[in-house]
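The following pair of complexes shares a single chain, chain A, combined with chain B in the former and chain C in the latter.
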Partner chain A sequence: MAVQMLLVINKSGGLIYHRSLDAESDKGLNSNDYLILASILHGSFAIASQLTPKALQLSQSAAQNIDFTVPYIPYVGMPRGRRGGQDKNRSNSSLNSSQGKLGSFKGDDFFKDAFQSWNRSGVRQLCTDQFTMYIYQTMTGLKFVTVSSQGALSASHTGGSSNMHSVHVADNFLRKIYCLYSDYVMKDPFYSLEMPIKSTLFDQKVKQMMENLA
Partner chain B sequence: MFLLVNFASLENTKCTFDEISRTKISLLMAIYSFWIFDKHCNCIFDREWTLLSNSSSGTINSKQNEETAKLLYGMIYSLRSVTQKLSKEGTNNEVRSISIGKFRIHTYCTASGLWFVLLSDYKQASYSHVLQYIHSHIYVKYVTRNLLSPYDFAENKNETRGQGFRKINNRNFISTLESFLAPMILQ
Partner chain C sequence: MSMSTPSKSLKVIGDDTWKNKTEKVNAELFTLTYGAIVSQLCADYDRDFQKVNNQLYSMGYNIGVRLIEDFLARTALPRCENMVKTSEMISKCAFKIFLNMSPQVANWSPEKDTFSLILDENPLSDFVELPMDAMKQLWYSNVLSGVLKGSLEMVQLDCDVWFVSDVLKGDPQTELRIKLNKVLKDEIPIGED
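Take a look at the complex of A and B:
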């Protein structure tokens, strides 16, 4: 999964952060377009919750059967050296850990457990010919959106069993971005809630994480 | 007393068996509903299956589904505008599927402005071949090549822009579509 773009949408549907990895994907779109795009996504999120099929509404058992647990996928978006540092390059591991401290998070990854997805009735994935968009929603209504360059044409090769896998990878990645948000945006005394994020530290960390995944 | 306990245990096992069979059926369920929209933003066909066990249950071209059809159309329309904005210049970028909490929406858009929409569960990643088949072998065969069926489902100006009410009521079309989709309901 190569990430092209990351958007953070606040709970009222406004775009508060936008980052593209390459300038090419930004072509022809200005910041106003991105604001509109974020609100459209927010709107279709609200509509999606109204569309639950009758068969699911009628049978409680079918609705309860669906598992919203997202499995932990190791080291999504973490530097590559960190992964090797565990067994092969023992000498490098101390260097790595001092290089890339995860803010206030201990250990070599932000979390190491499966977690629950709060996005139960909204859009989780939008698959098109050219790209796939993933949306992660937090309990507080904040939405993290990422666009991966892998489209439907390449995704169709992977087949049935792994069709949830890419969603889980994206959820793991976006939850880490959420960890970064809670560290570098929420602890910023100059940040006012629901307003665009101007934090350079957050920007750096997000960029690094996106590059790690590419 | 003994009889009571026995009865209770029997009741218990019956309950669990019932539950197992119900979960089994719900696990088998694959598709929930199927919709066709025309170029005038009208829903010209809708089919929704409601009972998990019965492939002939549910509604066809129901009035109750009008609001849902509008919501569904609106959501796909706005997400299509998003993807067209984000696509590379000069290329066509169509929405294939939208995954929502418990279910997935598959779309197939033709150049003539027809949208084929299928709501399914998470089990299969892509139904595009199914929708393509429905268009090319069922819709074209029984609606397009049918002299008695209207060419355009909006007959005058008042029925365009989502104001239309005409539906596909062709018997052959409905029965062929039913028999084609029936195995997928209990896959």
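Take a look at the complex of A and C:
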């Protein structure tokens, strides 16, 4: 999964953060357009959760059988040097250990367990032949949206399971962005809640993580 | 509602998150910083301890509305279906991760909407003795009630939180009371059901 763009939408549907990896993809839209796009996403997310297939409405058991567990996928978006015991010269890397530190998170990855998705009836994925969009919503109503350059429609003939896999990769990635948000945005004393994010530290970390995935 | 029971108990999740996934600092630094804040507030408000209590509460509230994001990002735990679950989550996970302690849950009301946290050890009040004039009024750790109020509100639980007793005031134990007023159903994010 190569990530092109990341949006963060607050719980009232306003865009608070937007970042594209290459300036090329920003050409068509100005910042106002992105604001509108975010609000439309917020609205269609709400509408989609109201439109449930009849079968799921009728049968509680069918609805209960849906598995919302997201498996842990190792080192999504982490620097390659960290992966799989390549850290032989740990003492040697102590010089850049402050660079490699994950804020207030300990270890070489933010989390290492499967987790439950909070988003149960809203949009999780939007596929087109040009790109795929993934949405991760938190319990506080914050939405993290990412746009991946690979059109999943062309790849979807390989089977449904690989499609679910890409959703899981995206959820893993977006939860890490949420971890960054909880560190670098929530702990910034000059940030006011619900307002656009101006933090350069957050911006750097996000960019780094997006590049690691590319 | 498809709430597959988590394979690990909350205690195990809390212990593991605290031990392996959270950076540590010396607790004394934390205790002393908090002490400096409270003593400065007492001076600034001319020893009007009611105002100090309110100020600590609102500072806590502002911390709580932000801290909840850290807690959720770190644990990604599912929504609690009732207050009993919420109380376990607070004592076994939240207090463990941020303060490395697990208060006892006690004194449930018959409707199961009000409970107390008994703080056997309170890292905020190590090294503290209240001056005579503060004994009656000041709730030294009142920032904690604000934090709980703010963070619970962000997960749509409208609660009242207050201190009932404090060892610093000569009581046998420190007791923090939490009462659920209402679950703000309208504000639960769309997409969870």
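What we mean here is this: the second predicted complex is superposed on the first by the 195 of 214 C-alpha atoms of A that agree within 3 Å, B and C clash if a C-alpha of one lies under 4 Å from a C-alpha of the other, contacts with A are read in each partner's own complex, and residues count from 1 in each chain.
The rule we apply is simple: contacts are C-beta pairs under 8 Å (C-beta built on N, C-alpha and C of every residue); 3 or more make two chains touch, one makes a residue touch a chain.
What you see is a predicted model, and the numbers here were worked out from it, not measured in a lab.
Following the overlay on chain A, a side-by-side fit with no clash is recorded for the pair chain B and chain C. Shared-chain residue A:Ser121: touches chain B and chain C both. Using the contact criterion defined above for the overlaid structures, shared-chain residue A:Ser104 touches chain C, although it does not reach chain B. In the superposition on chain A, no contact is made by A:Phe173 with either chain B or chain C. Judged by the touch definition given at the top, the superposed model places A:Ile66 against both chain B and chain C.
By the touch criterion defined above, A:Thr140 reaches chain C but does not reach chain B.
When the two complexes are overlaid on their common chain A, residue A:Tyr184 makes contact with neither chain B nor chain C. Rounded to the nearest 10, the superposed model shows the Cα centres of chain B and chain C diverging by 110 degrees about the centre of chain A.
When the shared chain is aligned, no partner comes close enough to touch A:Tyr17: not chain B, not chain C. Contact with chain C, but none with chain B, is seen for A:Leu193 once the two complexes are overlaid on the shared chain.
Once chain A of one complex is fitted onto chain A of the other, the partner contacts of A:Leu41 are limited to chain B, with no touch recorded for chain C.
Of all C-alpha pairs spanning chain B and chain C in the superposed arrangement, the closest lie 7 Å apart. Where the contact sets of chain A with chain B and with chain C meet, they give residues 49, 63, 65-66, 119-122.
Across the complex, chain B is touched by residues 25, 27-29, 33, 37, 40-41, 43-44, 47-56, 58-59, 61-63, 65-66, 119-131, 147, 152, 155-156, 158-160, 163-164, 167 of chain A. On chain B, the positions that touch chain A within their shared complex are 19, 22-23, 26-27, 29, 32-33, 48-52, 58, 68, 71-72, 74-75, 78-79, 81-83, 85-89, 91-103, 105, 119, 122-126, 128.
The touching residues of chain A, counted against chain C in their complex, run 11, 45-46, 49, 63-69, 101, 103-107, 110-112, 115-116, 118-122, 137-142, 175, 178-179, 181-183, 186-187, 193.
The touching residues of chain C, counted against chain A in their complex, run 1-2, 4, 6, 20-24, 65-70, 72-74, 76-79, 154-155, 187, 189-193.
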